[in-house]
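Note that subunit A is present in both complexes that follow, paired respectively with subunit B and with subunit C.
Right, the complex of A and B next:
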């Protein structure tokens, strides 16, 4: 007679009656765990290059001004770079803070409120950053006054 | 009085301290990211508004703050790669402590090089 075996709890082969958690949450937490690792690897590369171009190369931080940003975003490569970095970093950071809130806020209502504030901030910052990248104007005309720069057409 | 159990899972060694440091640096970086998107958004207000706020990043006190921020980012990056190695590399859990010393060593080297570069820009005329 075969010896009955008991599957490991995490094997996914436990019969539903013995499952400790309802499966309604699906694999969200596993997806979040995996996302942290995948986005993490990409972010290390993207942010190191970002720090290199703005703080190390050229004249370091003293070179950063409106013209520096205009020069960068004149290239679609840097636009896509910054857009991807914005989305990945915000989602990575939001999930990290979500984990911390879940760990330390013991009351249900406190957790709900903190996460509400967090998700609101996340949506606002991601939308704002995305809009700024896509609507950036290197030669803006403000109150009828055109911005003067070597790369701008003279009126 | 019940005695504290001798064998608990966490006893404040390298694994737990690196976890604490990863959390703290993560939160610091996240809050800076929120501010950084807001300050960059000033390019849509006016070139003058952006330049005025970015000028604040160039004073010596903020220069030291940037050093701290980069220190947090570099630690979070290297330690994050270590976490990935612990999770996905077969021998990762066995060498997690050695990898932490690797993280600390690489962090020190990176920060030494970056400090020389960044502080000479912030304090000298570069």
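Right, the complex of A and C next:
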């Protein structure tokens, strides 16, 4: 049997928790970093135009109802605008939370679970939002009953 | 004897040759000895120190006159070797460059090991993970082509480009002040990036692309959150966060 020896304190051994086992090079982190900066700049413009057209221009905040939203989305410009805003904001926010998880979760398993929840929520919200932008109907007919609001055309 | 001011000892101007004002301090040192206990604890000493004394002098006084078991690293004791980086009153500094009179002596002076690296004993941490990251960025001149028969000449402007990052003494004050490094110790850390910067922007070096590739890692420059803790901590005044930003720029312009 080997005689147990005391390891030299200057053996150059790196504590296992610190060694980067596999190098993870690639341009993903660079792309994410660049995306945060570019999308941030674009979002500042998009969000303030969105806030101004919805809450300041015209009748201001009192004009906002289903009819107003449907009126905006009748124009392809606002459809594309809101779609871009949705996607950019969601991806920007998701990437931000992803970096926070990376920075604060200490175990890889915790990271995996938190990011799983995050990505699921992101996909659901993006798909749902995209669907609503293109299929929004302010005067739906449910079970043969038209839920007529004041702005809906009477049949 | 005069009553001590509430904070920051004022040294009277022209106090007379050879007369150095003295004051009392409380020094609290974070103690850890795995051979005795897995728990770290605080020890404190009341010391009478002088206006010219540094935190290192206080530690020496404790070690030489009160408790010889207090362990810490120091080599040159004059801010050049980078051995005695420690967390003093919650900030990373060199004990040999921190004058006691510049600290708040009305309260105990807290001295802890730098954070994020495994503590071996008292103020001594395992620096291997730190040096491993340093080795990975290849901190040596790599050239192509023939050896010149004379020295490799460089213009003053080319030398100026990376002057700031040549000042690094590898004390680990920056890396161990970085909250991203504290989390899991995977991040390369500011010191490794600073030393990569020193060669990436050296006109005589030909391996800049290799170093950029190494730092274009999941744990490389993109984990920097620009909290500026490293710049605040650097005892040599290196603009660390700026250097990291320049490396980011270099990776971007090389690839996009």
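Methods note: the second predicted complex is superposed on the first by the 119 of 155 C-alpha atoms of A that agree within 3 Å, B and C clash if a C-alpha of one lies under 4 Å from a C-alpha of the other, contacts with A are read in each partner's own complex, and residues count from 1 in each chain.
Basically, a contact is a pair of C-beta atoms (placed from the backbone, for glycine too) under 8 Å apart; a residue touches a chain by one contact, two chains touch by 3 or more.
Nothing here was measured: the structure is a model prediction, and the numbers come from that model.
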Considering only the touch criterion stated at the top, classify A:141 as touching first (subunit B), second (subunit C), both, or neither. neither
With both complexes overlaid on chain A, does A:132 touch subunit B (first), subunit C (second), both or neither? first
Using the touch definition from the top, say if A:80 reaches subunit B (first), subunit C (second), both or neither. neither
Is A:112 in contact with subunit B, with subunit C, with both, or with neither (first, second, both, neither)? neither
Output check: A:51 vs subunit B and subunit C. Expected answer is one of first, second, both, neither. What do you get? first
Is A:29 contacted by the first partner subunit B, the second partner subunit C, both or neither? second
Comparing subunit B and subunit C in the superposed model, the one touching more of subunit A is B
Subunit B and subunit C contact sites that coincide on subunit A, given as residue numbers: none
For a test of understanding, state which residues of subunit B touch subunit A in their complex under the given definition. 23, 26-27, 29-30, 33-34, 37-38, 40-41, 43-44, 46-47, 50-51, 54, 57-58, 63, 66, 70, 73, 77, 80-81, 83-84, 87-88, 114, 117-118, 121-122, 126
Per the contact definition, I'd like the list of subunit A residues that touch subunit C in the complex. 9, 12-15, 17-20, 23-30, 32-34, 99, 102-106
Going by the contact rule set out above, which residues of subunit C touch subunit A in the complex? 118, 120, 126, 128-129, 132, 179-180, 183-186, 213-214, 216-220, 222-223, 225, 248, 251-252, 255-256
Note which residues of subunit A are touching subunit B in the complex, please. 37, 40-41, 43-44, 47-48, 51, 55-56, 59-62, 64-67, 69-70, 86, 89-90, 93-94, 96-97, 100, 121, 125, 128-129, 131-132, 135-137, 140, 142, 147, 149
